[in-house]
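Take a look at these structures.
In the two assemblies presented below, chain A is common to both, partnered first by chain B and then by chain C.
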Partner chain A sequence: MSRKIIKSKYDLYEEKIETIAEVPSEKEKPLAPNSKLKYVGKDVNRYDGYDKVSGSAIYTIDKVLPNMVFARVMVSPHPHAKIKSIDVSKALKLKGVLHIITNENTSEIPWYYNTSKLFDKHLRYQGDEVACVAAETEKIAEEALSLIKVEYEIMPHVVTAESAMKENAPKIHNNGNFGRPSEYTRGNFDEGIKQADVTIEDTFTTQVEVHNPTEVHCSVVNWDGGKLTVWDSTQSIFSVRDNVAQSLGLNASDVRVVKKYMGGGFGSKLEAGKYTVMAALLAKKIGRPVKAAMNRREMNLSVGNRPDSNQTITIGTKKDGTFTAMSHIAYGVMGAYPSGSSSYWPLRSIYKCPNIKIDNKSIYINAGRARPFRAPGHVQGTFALESIIDDLALKLGMDPIELRLKNYTEVDQDGDVPYTSKLLKEAYEKGAEEIGWKNRNKIPGSQTGEIKTGIGMASQIWWGGGAPPSYATLKLNSDGSAKIFSGTQDIGTGTYTFMQQIAADVLEIPIDKVNVDLGDTGTMPYSGGSGGSMTAPSVSPAVYDAAIQMKQKLISNAAAILEVDESNLIYSSGNISSKNDSSKSIEIKDVVGKIHERVLVTTGARNENPNGYAINSFGAQFAKVEVDTMTGIVRVKKIVAAHDIGRVLNRKTLENQFYGGVIMGLGYALMENRVIDDYTGKVLTTNLHDYKMPTMQDMPDIKVIIVSEEDNLISPTGVKGIGEPAMIPTPGAIANAVFNAIGVRIKSLPITPDKILEALNSKS
Partner chain B sequence: MKDFNYIQPDSLSQAGKYLSNRNNDAVILSGGTDLLSLIKENIYTNENVVNLKTIPNLNNIKYKKGEGLTIGALTKISDVAESKIIKEKFTVLAEAAKEIASLQLRNMGTVGGNICQRPRCWYYREDFDCIKKGGGECFAYQGENKYHCIIGGGPCYIVHPSDLAVALTALDAKVKLFFDDSSRIIPIHEFFILPEDDYLFENILRDGEIVTEIIIPDLPDGAKSSYIKIKERETWDFAVVSAAAVISKKGSNIKSGKIAYGGVAPIPWTEEIINKSLKNLNADKNEIEKISKIILADAEPLEKNKYKVILAKNLVKRILTNLVLDA
Partner chain C sequence: MSKDSESNKISRRNFLGKAGTGIVGSTILISSIGAADKTGPDLAEAPPIDPKETDILNLWVNGKKQKLKINPSSTLAEVLRNKLNLTGTKIVCNQGACGGCTVVMDNKAVYACHMLALDAAGKKVVTIEGLLEGEELNHLQEAFIEKDGLQCGFCTPGQIMSAYALLLSKPNPNREDIMEAMSGNICRCGAYPNILDSVLLAVQNKN
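And then the complex of A and B:
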């Protein structure tokens, strides 16, 4: 099958990502509809389910190598300080301590886009790395940390955006506390406001949320001569390979990154950790494998978070609800090092509006740096936007869905190009029906009684159409089994399983004949990081392509073996036979068995994205809540998630993703909150009691409705990603349902009992 | 975490002897659900840990009509939650037990340990040299005090974390203590102490003194009781505010009643004026409303916990309504 090399373009936020990629030169015939397939789209059990449930799956945190030692990182106890001196002599004398690295014995390795170093003397948050100890046991390493004597020069700190933006605020970086701003204009906002009959403006705030995946961030490293192997708990093995190689001055080919199972990442594991590079430096010095693992406290300080936000939104409309102007003026904290905190994208993209003004500021504070977090910016942006749209609907006397439909757009607002598919209208219809939209309170808060119920909804837009380069290699063996290799990684979402399903359906063989190996930069063809809801839409077409090629290869080989012209052969259920002569038939395992190498290999590639289209996923979630007006407690009774996500690859793992996204959205809406003490600049929520996440008992009834079939304009598998869409609208839907129940708008997340009680109290 | 010696006494008297020797720098372990995290976080750095679980006969529930209930200090919280007699007769205690933490923690945690657990204040648990740990100030007073006390505070502003303690206070329980080789029994309201009396501790236990038993006087037939706990998630959380009430009725009147609140003060809180006003009260909607309005009249909430006053009033209203009107 012929190939071509292209410059692949993919939009993510303002970034136009360009990569060189090899893609099939012709558009391939798409995978058959799910109704005609045996495995794809069905309730297929996870490939790795048994290993995970039985405990035989070895995660990175479980990895043990012979002769392995342990590293622990010492971090700054102060939010802002300079290291005056470090004395490790006492720690080095402790029995079992093997080596300690600090800024004094390590070369300067740039970090955080060159704004800092692996070991920086200038410590900008509680959790900034000071030293790293390797010892025979984790306990000895921990004890050694307490023996390191550091003299700090304590500097004034700022831990809120409001104080960091003040002119006389302590500067975290030489050029001040402002990061790269996000500004955007479409049309003329002021003109648009002049045309409006009604305007609404309000300010919404959201908190810092911490990823807190089950598996802590960790690496195990081992040198073999000048070559380094890293087992890492990561969402992106190739990014870690490149980061580590660059930090250590190695060729990328000399670093091999491996990851088999993953205990969650949610965006916090897309880059190499400092601990990974520190472990590699220690391992080199000691000559033994090193494991470096964070503890839960460090997980809450140092490995990322969702920035907070303060968003002021203005919308101008005609009397009939047609938007004439929208603006989004916001700021948020990105922590001590460069990241981003903008939250405007939903407002910019989801509704039709000719005049838009956006100004988002990202602020440095003395706290852990933000990292991508399951739909960066979109979750907080959707909460604010969808809250004010409901308020506007009330003001206009319109049904909230009607107002959204009034401003529905069939074309992407930036590029003025159509979407490959957009079934948001259908999601509104199906979702509204399932939740009983017509039963919501016409007048919010109008129910009598102490416990009031409410219904609310929110819409969602995201990218997640996938892109090349992404490759998968398929091997077919003479026992009839197949194996797929791809340098993507399964972060718990079901990547292993859908690959199996696609190959089994194309080759028409039993699914248990198909094995999958993922997550090894040393032996597998490239695929991208598992973030941005990109994995399935990027890699599923590559697997499909590999399987299609394999089928063709089998037919060609069978033709030679059977001495029948290819055009006279039929492929069916793993058998190849002649149309005319039923005695000429061969099973595919025998085809492989008859060829010299006893194995057939193909490598498939993700196709090029279509020109002239925008690729987005859409959805709407509906929440039914009960608010106890005596206690301020919100119970989410039901969430309906109605989404347009292209083809469903696996109904079970799809629903799992939605359950995970919804419960994460519920946690963000109602309880999760990183709290910093302003006076000392220290984090108060470094354990899983004080940082409250939802438990199984907080889970509502979740109903998942998929309104889409395959979208074959995108790729032959027609898939859009669902990781992020599953969470984006949940908090907005819950907030609107709470408003519908009590008739008072809670404008800040999380919606905790104190806020509800105080709001109800000041209303009455 | 500091290494420690693990001491396993066979008898109460052996434990008492060991613990009463101050040179031993020992701390008591029962269920360990709180102590082990205190040790791991280096808040406790004792040389010796004395395990009480090897001592027999400290884990039983006994009831005798007219006399009341006794609960051994090592009784599992889950056993209290599931005990038939406690559920029937001392409902408030079973309900409080059931509200504690998670099933796994209730299966480990003990009654004695629960009332002796240390505060959950995040300044106490995190890396702050706070007054409770012998430092110079209470960081919560002007800091992040959403979960802190609204009454009885100063110079430390914790709330007492135990659910059982609130129920036991409403039940007028007594606590049996063992020291060296002798016992004493004291009313539970004397067991807990305010920070103004001693801000380093939450109770009167001397170094090495062991809680061995809880004694609850019998309730008159027909007495009713209940516990309501407000927490920010469905399970595994401490009370934002809780209320325990025990009511005896005579016809439609309340004969006598006692209410205790959790999450509002450094100790389980009761108000004499409220308990008095419950006496011979003709309980209707209006009277309940009146009472709920005057509770915690002396509260002095901090900047971020004014909502607790509203919450406590609403809880009392709800608990009385449930016990008296909806019965």
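And then the complex of A and C:
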């Protein structure tokens, strides 16, 4: 099977990502439809289930190496300060303390795109790193932190976008508090507005959400001469490898990053942490392995969040609902270091509109830096867009779905190319039927009684078609067992399991003969980070390709062994036999046993994406809520998630991931909120009492409907990713359902009881 | 337990095959743990690296009597994880707010991060590892596989121990009982619908 090298192009936001990749030169015959397969698409139990339910799964935080010591990081208690002096002498005297690093005894390692350093004297948020202690036990390291004396020069802080944008605001960086703006125009917005019969404009705000994965960010590092091994709780082993190597001036090949199990990331674990590099510096100095781990408080300060947003949306339409112009003017906080906070993309891409104006500003404040968070920008952008579209539908006297269908597009609005597939209409139809759309309040808020129910919906667009390079190696042993290796990672999403399913189906062997090892840069072929709903669509075609090659290799070997021409051989159920001579037959394990090495190895690659198409996933979610007008409490009773996500690889893990996205979306819609006290500049929600996340009591009835089958224009497995799509439309659907129930629009997330009561008061 | 040899893996998955067929695994009963007369190695004799490890703690963990020298400020979770290497018990919030560290002590679910280890003196503690009989899973653990009551798996030991405690006090809980009893266990991956179904399945398989 021949290969070729291409420049792989992939769009993510404005970024045109280009990488060189090896891909199959010809389009492969696609994987058979799920109805013809034994494992793919079925309810196969999770490959890693045993380890996880038995307590034997070793996460990075559990990893213990002989002679290992512990590192803890001291962070700034102030939102904005400069270090005048650090005195570690008392801490060093504590029995069991081995070494302490600060800006005074380390070289300047650039961090955050050169806007800061590993240890910077200028501390720009409560949580910026000051020192790192290594000690015999975690307890001793913790105690040592309290013995470090730091003299700070306190500087004025700014913790809201509104105050940071003011002329005379304290400057967080020399060039001010504005990051790179996102601007975009299509057509002519002002002309479009002139053509409109009706215009609507409103402002929506959303809060900062914190990832709070259950496993804290942590690493275990160990030097072996000049080579460094890092066990890391990460979503992206190769990014960590490259970041760490660059920071320490090592060759990437001298750094090996390993991740087997990881307790959640949601976007917060796509890059290397400072703690990893600090641990490596300490380990080098002490000559022992080091474990560095954050605590929950630091998790809520330092390792990322979803930026807040203030979005003003304007839409102009014809009387019949046809959009003539849309604009999205917004700002949001990205924390103290470069990141992004834009939220316009859903408006720019999901509906047909010739005239678009976008201006999004990202603002520095003295708080932890934003990181990608499950559908960056899309969750907040979809909430605002889908809220105003419902308001517009009411204004026009149209059904909200009818208005969306009026502006439905079959071509990508940016590139003017068709989608490989788009089944959003089908999602609207099936979702509406399941929720009982026709039973919603025709006049919002018209129900009498204390408890009012409402139904709402929101649409979703995301990328998630995957891209090369992504590789998987397949090894077939002479006992008939197979093993897959790939430098991707399973972050709880079922990667292990679907890889196993695909290989078993292609090779027609029992699934328990297939083993999978993931997450090791030292021994496995490259695959990308597990973010952006990219993993399954990137890696499933690679393992498919490896299995197809293996099948071919087995046939060729069998031909030599049986002395039969290849074209006369049939592969069936792990057996290869001659078409015309039934005595000439061999099991695949015997093929492997007969060849010299007793093992066959192939490496498969993700195919090239098709030219002239846009690849997007689509979906619609429908919410049914109950609002208690006496207490203001919103209960989500039901969510219907109807989505176009290409082929279902595993029904069980797919539904589970949808549940997770919906519940996380519910948390964002109703309760989650990072609160900073303006006066002190300190975060008030640094633990899981104060930072509220959904529990089992908040769980609605969730129904997942998949409207798609395989999309083979994308790849032979025909998969689109689901991690982000599962969450994108949930808050918008809930907000619209709340509006349908009470007849007053809540324009700010989270929709807490006080906001409901205030809105109801202002209405009456 | 974490060895990744192929034979080990296969034997585990062969075993897992049973989960789907509804064969119910054995359950460790607290009463039998109490009666067990196994004694762990006397870890109190090892020289401390932490000079503050001054206190002796006697307790039962998973049916074994343990005598440990500990820092009196240690929590039960720290002692289980760091002294006994029972890392199945996870620390998530370390503050009694999420249930990640749930273990069962004298038949009741407790947050191991939220109590001093010394307060467990003389008590019988069961951790997720204690539900196993050799390599064999408890029926509750099997149900979590069958109903996919997990994603990243990090909250899972706490979820299972919470459910285990519930079933000890109420062998036939209904949906509401389970939701009530397990609302102190946060799953950030949001696997709640499947966690609920896992417990329901375990109850059903038991009957």
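Just so we're on the same page, the second predicted complex is superposed on the first by the 764 of 764 C-alpha atoms of A that agree within 3 Å, B and C clash if a C-alpha of one lies under 4 Å from a C-alpha of the other, contacts with A are read in each partner's own complex, and residues count from 1 in each chain.
To be clear about the criterion, a residue touches a chain if its C-beta (ideal position, glycine included) is under 8 Å from a C-beta of that chain, and two chains touch if they have at least 3 such contacts.
For clarity, every value in this text was computed on a predicted model and none was experimentally measured.
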After the overlay on chain A, what do you see for chain B versus chain C, clash or fit?
fit
May I ask you to decide whether A:Pro77 touches chain B, chain C, both, or neither, giving the answer as first, second, both or neither?
first
If we overlay the two complexes on their shared chain A, which of chain B and chain C does A:Thr631 touch? Say first, second, both or neither.
first
Between chain B and chain C, whom does A:Val601 touch in the aligned arrangement: first, second, both, or neither?
neither
Which partner, chain B or chain C, is in contact with more residues of chain A?
C
Who does A:Val662 touch here: chain B (first), chain C (second), both, or neither?
second
Considering only the touch criterion stated at the top, classify A:Ser54 as touching first (chain B), second (chain C), both, or neither.
second
A:Thr686 contacts which: chain B (first), chain C (second), both, neither?
first
Taking CA centres after the superposition, what's the angle at chain A between the directions to chain B and chain C, given in steps of 10 degrees?
50
One more residue to check, A:Gln697. First (chain B), second (chain C), both or neither?
both
Have a look at where A:Asp678 lands relative to chain B and chain C in the superposition and call it first, second, both or neither.
first
Could you state the shortest Cα distance, in Å, between chain B and chain C after the structures are superposed?
5
Which chain A residues contact chain B in one complex and chain C in the other?
139, 687, 689, 694-695, 697
The chain A residues in contact with chain C across the complex are 45-59, 61-62, 64, 95-96, 136-140, 212-216, 261-264, 266, 295-296, 477, 481, 483, 491-493, 512, 515, 517, 652-653, 655-657, 659-664, 687-689, 693-697, 699, 702
Report the residues of chain B in contact with chain A in the complex, numbered from low to high.
1, 102, 120, 122-123, 125-128, 139, 142-144, 146, 230, 232-238, 240, 304-308, 310-311, 314-315, 317-318
Chain A-facing residues of chain C, complex:
1-2, 4, 6, 9-10, 12-17, 19-20, 49-52, 71, 73-74, 78, 81-82, 85-95, 97-98, 100, 127-129, 131-132, 137, 141-142, 144-146, 148, 150-157, 160, 178-180, 182-196
Quick check: in the complex, which residue numbers of chain A touch chain B?
77, 139, 142, 450, 630-633, 670-671, 675, 677-680, 682-687, 689-690, 692, 694-695, 697-698, 752-754, 757-758, 761
